[in-house]
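Some structures to go through are shown next.
You will see two complexes here that share chain A, one where it goes with chain B and one where it goes with chain C.
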Partner chain A sequence: MRYAVYAEWTKLRTMPGPGWLLAGTVVLTVALSAVAASSVTCASAGCGHDAARIGLQGVQLGQATVALLAVLMVCGEYGTGMIRTSLVAMPRRTAVLAAKAAVLTGLTLAAGTAAVLGSVLAGRLLLPGSGFTPAHGYPPLSPADGPTLRAAAGSVLYLALIALLSLGVATAVRDSAAATGTVLGLLYLLPLAVRMVADEEAQRLLWQLSPASAGLAVQATTDAAVLPLGPWAGLGVLAAWASAALLAGGLLLRRRDA
Partner chain B sequence: MTAVTPYRSDLRAGRDGFWQLVRAEWTKFRTVHGWVAGVATGALLVVGLGLSFAAGSHSSCSKGPVEVPCPVPPLGPGGQAVEDRFFFVHQPLDGDGVITARVTSMTGLIRKPDATPGVRNVVAGVVPWAKAGIMIKESTEQGASYAAVMVTGSHGVRMQHDFTEDVAGRPGGVSPRSPRWLRLTRTGDTITGEESPDGRRWTRVGTARLEGLPARARIGLFVASPGDLTISPNAAGGSIAASRFAEATAVVDRVSVRGAGTGGTWKSDDIGVTTEVDGVTPHHPGRLERSGGTFAVTGVGDVAPLTGESTVERTLTGAMAGLIAVIVVGVLFVTAEYRRRLIHTTMLASPRRGRVLAAKAVVIGSVTFLAGLSAAGVTLPAGRRILRGNGVFTQPVPLLTELRVIAGVAALLAVAAVLGLALGALFRRSATAVVVAVAATLVPYVLAIMSFLPESVSEWLLRITPAAGFAIQQSVPEYPQVLAHYAPVAGYYPLAPWAGFAVLCGYTAAALALAAYRLRGRDV
Partner chain C sequence: MEATIEVSGLRKRFGATQALDGMSFTVRPGQVTGFVGPNGAGKSTTMRVVLGLDAADEGSALVGGRPYRSLRTPLRHVGALLDAGALQPSRTARDHLLWLARSQGLGAGRTDALLERVGLAAAAKRRAGGFSLGMRQRLGIAAALLGDPPMLMLDEPFNGLDPEGIVWIRGLLRSLAAEGRAVLVSSHLMSELQDTAGHLVVAGRGRVVADTSVADLIEAASGGQVTVRTTAREPAMSALAGAGATVTVTGRDMLTVAGMAAEHVVRLLGDRSVPFSEVSAHRATLEEAYLDLTRDAVDFRGAAR
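Entry: the complex of A and B
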C-alpha cells in the first residue's frame, strides 16, 4: 500500500495540472469569499446574516476545481492509456483506488486548509468594513471561536469529501467529460432543483439529499436551527454520497476490463 | 534523359466545399452512439424534469372547511394577468364627460415585520406606489379597461391606463397646503389626463386611447395601496420577499362630474376585495367617509400588471440539466478526435482548420437546437396543462413571447454546446473544457440565485458572464410602476431577453475565434 501511495504521488507530482488546480482552488475560494465579504452589507444589529457562512462562500467555487482534480486523476489515466500500466504494476485494483483516494484526500485537505484559512482571514479583514461590527453583534471572524472553527474545519472536510465523491464518480464513468458533467450536475443542479420544487416536504427532503446543500450546512453558525439538517448530519450526507460513489467506482473497477 | 510525367489520378477531384465538411461532421456525430445519447439525454432532462416539477406543484385554497380551486387572477385588456383591487366611488357616464377633483392629503397605515413575534406592528405611512385619484373604467368588472390620473405615495402625479401603461407627471406629494387638482376628459375613445396646482393653470399629463370603450362607462374616485414589500435574506441562501398589508386614505374635495348620465348618487364598490375564510366578510375592506363635498376614501390593493413567479418558463427549469449534457457532448465532439487521433485524418482531409471548426459548430449547434426545440416545444404547453390541472395558475403571455421562450431555450442549449465545442478545441482536454464551460454558464447563475451575495452582485453576475443568456427565457417584463422583487431569484434578469442572449453569443463567438486562431497555430 505504501508503494501504491508513493506511485500515485509520483504520478501526480510530475504533472503540471494538479499543482495549478490546487493553487486555483485556493485562489478561487479566497477570491469569492473576499467578494462576498466585501459586498454583503449588514446595516444594523440583527440583520440576519451568518457572517461565517459569508466568509466561507468561496467554497462554492473551490469545489469545482477540487472535483476537476479528482476527475483528472482517474480519467487522465484512461485518456492516455496509463491506467493499463498502473494496473499491470499494481494488480490489486482496490489498492490503486485506495492509494488515489489517500493522495487526493491529503492534497485537498492541505489546499482546503489554505483556502479556508485565507477565506477566514479575508472575512476577518473585510467583514467589519461591510457593517459586520461588534456593535451589530458580529465579533471579528476567528477560528478560535467554536462555531466558526466548526464551520472552517467542516469546509475543509467538505472539500475533501467532494474530491472523494468526484473520484468515485470518475472511476465509475471513466470518461472525463461525462464524469465532470455528472459531478458538476450533482454539485450545482441539485441545489437549484431544490429551489424549483414547490412542495415544502419534497423540498426539505431534496435539500437533505443534495450533497452540496446538505454538506454546506456545516458552515451554518447562526441559523443552524432553521436548516433542514444539523451541521454534522449534513456533512454526513455528503460522506454517505462519497462512500457510495467510491464503493460503486471500486466495484466497477474490479469487475471491468481496463 | 527521359521526361518523367507526374502521376495524375483518373478520378475527378472531389469537391471540398463547406457543406461537404458539414456532412462529414454530421456523419461523425450520428455514428457515435454516446453523442447522440448525450443530446437525447439533454432533451429528455428538459422534458422529464419540467414535467415532473409541474406534476409536483399543487395549489389549493380553502374557503372555511372546504377546499376550493384557487381564484384565478383577472386578465387585463392586453391579455396579461393583472391585479385589479381598489376602492371605487363612481357614477355612470354615457358618452363624453369630464371629472375634476382636488386631492388634499394622502395618509395610510403600513404593517411592518413584527418587532415582537405575534404582535401586529402597524405604523403610519404611505407605500411608494399607493394611488389615489380619478378614473374612467369600462365597468366595475376586474380587469376592465380604464384610464386614470392619480397622485402616488412617492412617485408624483401619474397617468396610467390598461394596467401596463404609465406616464409620469409632476413629481412631489400632496398636503393640505399644496393640494393637487386632477382632471380626466373623455372624448370618444380618447381620455386626457391633466393636473393643476390651483385648478386654473392645467398641464396635460398624457392621453390614452381605450379601444372599444362602451358608451356607458364608470367615472369616479379611486384609492389603492399595494402591500409593503420587504426583502430579507433566506437561511438557505438567496432572499425572500414578503408583502405586508398597507392601506392608503386620500382626502378629495371639489369633485365635479359633467356628462350624460352623471349627477346621480355616488356608488361605492370595493373592487376585487378578498374575503375571510367564511367567504362573506371582506378582508381589509376599503371605505368611504363623506362629509358634504369632502370624500375620505380608503383603499387597499393595486391596479397594475401582475408580477411574481407564476410564469410559463418555470416549466423549462430542466434546461439547466440539459445544458450540462449538451456542453459535455459539445466538448467531446472535438476532444474525442484528439484522443482517438482522428484529428490527424480530419485535418489531412480538410487542411483549412478554421473551416473544420465552423463545420463542427454548425453540426453541434443545429442538432442541439432541434433537440432543444422539440423538448421545449413539448414541455412548455404540456407543463402548463399539468399545472392548470393541479390548480396552479401560470401567467398568460402573448404567442410571440411564448415562441421566443421556447426557441430561446433551444438556442441557449445550442449556443452552450458550441461554447463547449470551442473550449474543447481550445483546451483539447475534456474535463478542463467541461469545467470551464459549466463554470462560465451555470455557476454564475447558481451563485446569483443561491448564495448570500447581495442582489446587486447577483445582477452583475448575470450581466457580464455568459450566464446572462438565461435572460432569454424571461416571459413577463419588469414594470417600473410596480414595486416587486425584481431579482434573479424571482425569475427577473437584469438584461433584456435578447441582450442577455447576445452576451452569451458574444462569449461563444470570442471562444470560437480564439479556438480557430489557436488551431491554426498549433500542431495537431
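Entry: the complex of A and C
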C-alpha cells in the first residue's frame, strides 16, 4: 500500500495536467469568491445575507477542477491503456484505488486549504466595500470566528469529498466523457433540477439527498437553522455519496477484466 | 521461489468466442520458451490471465507457485511486456520507469542503467508518446527488466523492431535464459524465434497443439530422411537395404534413405568401402515444422465442427 501511494504520487508529479488543475482550483475558487464578495451588496443592517457563504462562493467553481483531477487520475489511464501497466505492476486493485484516493485527498486538502484561505482573505478585504460593515452587523470575515472557521474548514472537506465522489464515479464508469458528464451533472444540474420540483416536501427531501446542495450546507453561518439539514449532517450526506461511489468503483474494478 | 510459470486447464470465453479452451503448459527456467500460433490462438489472452488482468472462467495460472494477484511486488518476480503502447504519452521514458520502480519499492537508481541497456539513454527525457513502436518496445522491455525478475513474459516483442533491434533482442533473450530465468516469448512468426527458443509451445484455437523442444520438432518434421550422393548407386542400395533402411532412387547419383540416421549411413558405407560424395540429413526449417503442425490443428478443428 505504501509503495502504491508512492507510485500514484510519482505518476501525478510526472505529468503536467494535475499541477495545472490544482493551481486552477485555487485561482478559480479565490476569483469567484472575490467576484461574489464585491458584487453582492448589503444596503442596510439586517439585509439577511450570509457573509461567510458569499466569501466562500468560489468553492462552487473550484469543485469542478477537483472533480476533473479525479476523473483524470482514472479515466486518463483507461484512455491510454496505461491502466493495464498499472494493474500489472500493482495487481491488488483495491490497494490501487485506495492509493489513488489517499493521494487525491492529500492534494485536494492542500489546494482546498489554499483556495479557502485565499477566499476568506478576499472576502475580508472586499466585503466591507459591498456594505458588509460592522455598522450593518457584519464584523470582518475571520477564521478566528467559530461559525466562519467551521464554514471554511467544512469547505476544504467538501472539496476533498467531491474529489473522492468523482474518483469513485470515474472508476465505475471508466470513460472520461461519461465520468465528467456524470460528476458535473451531479454537482450542477441536480441542484437546478431540485429547485424546479414544485412539491415543497419532495423538494426538501431531494435537497437533503443531493450531494452538492446538502454538502454546501457546511458553509452556512447565519441561516443554518432554516436549511433542510444542519452543516455537519449536510457534509455527512456528501460523505455517504463519496463512500458509495468508491465502494461501487472498487467492486467493479476488482471484478472486471482490465 | 522456483521460477516456473504454470498454466493449467485455462478456459475463457468472450461472448461467442472461446478464447481459451483448456490451455495448459509449463515454462521452465534456464531456457527461452517460444509461444507461437496463428493470430487468435489465445497467446495474449493466456498472458493476460497469468498477469491477473483477465480472470479465467476455469483453470489456474501460477507464477513461481503463486497466483500473480497475490504478489506484493510482482515486477520483482515476473517481468512482462504486453502492450508497448500501454503508457501515459505525456510522461518521459525515465519517469515511466520511475513510477514503476516506486510501485515495487525500488529506488530511482536502476532507471538510467536500464535505459542505457535497451538503447534509449539518449531519449530518457523525451515524452514516450512521441516514440516509434520500436522505441516503445525497448521501453517496455526496460520496464520488464526493472525488478530483475526470475521470470519474463514478452508478448510479440519483435513487433516494430528494425533488423538490428531483432538481433539485439534475440541476444538479450538468450542471455536472460542463460542466467537461469524462465523466459516466455510469444510470436506469430516462427522465423523470429529460430536460434533463440529452446522449447516451443504451439497454440491453436485456445489450446496447446504441440509442446516440444525445438530439436524434436525439427526432427519430426524432417521425417528422418537422408540424402546420399554416390557414383556407386547399386552397391550403396544393396548395403543400405540389407541393413534395414528404405531406399529410393531420386536421381542419377542420388538416393533418399529413410529409417536410418545420417551418421549410421556414413558408417555403413565406409565399412563397406562404398564411395560417396555427400550424405546429408534433410532438415526442415522451424517455419516448415510449425506450418505442418498448425495446418493439422486447423484441419482437425475444421473437420470436427
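Basically, the second predicted complex is superposed on the first by the 258 of 258 C-alpha atoms of A that agree within 3 Å, B and C clash if a C-alpha of one lies under 4 Å from a C-alpha of the other, contacts with A are read in each partner's own complex, and residues count from 1 in each chain.
The rule is simple: a residue touches a chain if its C-beta (ideal position, glycine included) is under 8 Å from a C-beta of that chain, and two chains touch if they have at least 3 such contacts.
These numbers were taken from a predicted model, which means no experiment stands behind them.
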item: Superposed model, chain A: greater residue contact from chain B or chain C; value: B
item: First (chain B), second (chain C), both or neither touched by A:G19; value: neither
item: Contacts of A:A179 with chain B and chain C, given as first, second, both or neither; value: first
item: Which superposed partner A:A36 touches (first chain B, second chain C, both, neither); value: first
item: Touched partner set for A:D199, first chain B, second chain C, both or neither; value: first
item: Partner chain(s) touched by A:G106 [first = chain B, second = chain C, both, neither]; value: neither
item: First, second, both or neither for A:S213, with chain B first and chain C second; value: first
item: Contacts of A:R53 with chain B and chain C, given as first, second, both or neither; value: first
item: Set intersection of chain A contacts, chain C complex versus chain B complex; value: 76
item: Contact footprint of chain C on chain A as seen in their complex; value: 2-4, 6-7, 9-11, 14-17, 76-77, 80-92, 257-258
item: Contact set on chain C toward chain A in their complex; value: 48, 51-55, 68-69, 71-75, 80, 82-83, 85-92, 95, 98-100, 102-105, 143
item: Residue ranges of chain A in contact with chain B within the complex; value: 32, 35-36, 39-41, 47-50, 53-54, 57, 60-61, 64-65, 67-68, 71-72, 75-76, 79, 175-181, 184-185, 188-189, 191-199, 202, 207, 213, 220, 223, 226-227
item: Contact footprint of chain A on chain B as seen in their complex; value: 34, 38, 49, 53, 56-59, 232-233, 235-238, 314, 317, 320-321, 324-325, 327-328, 331-332, 335, 339, 392, 429-435, 438-439, 442-443, 445-447, 449-454, 456-457, 489
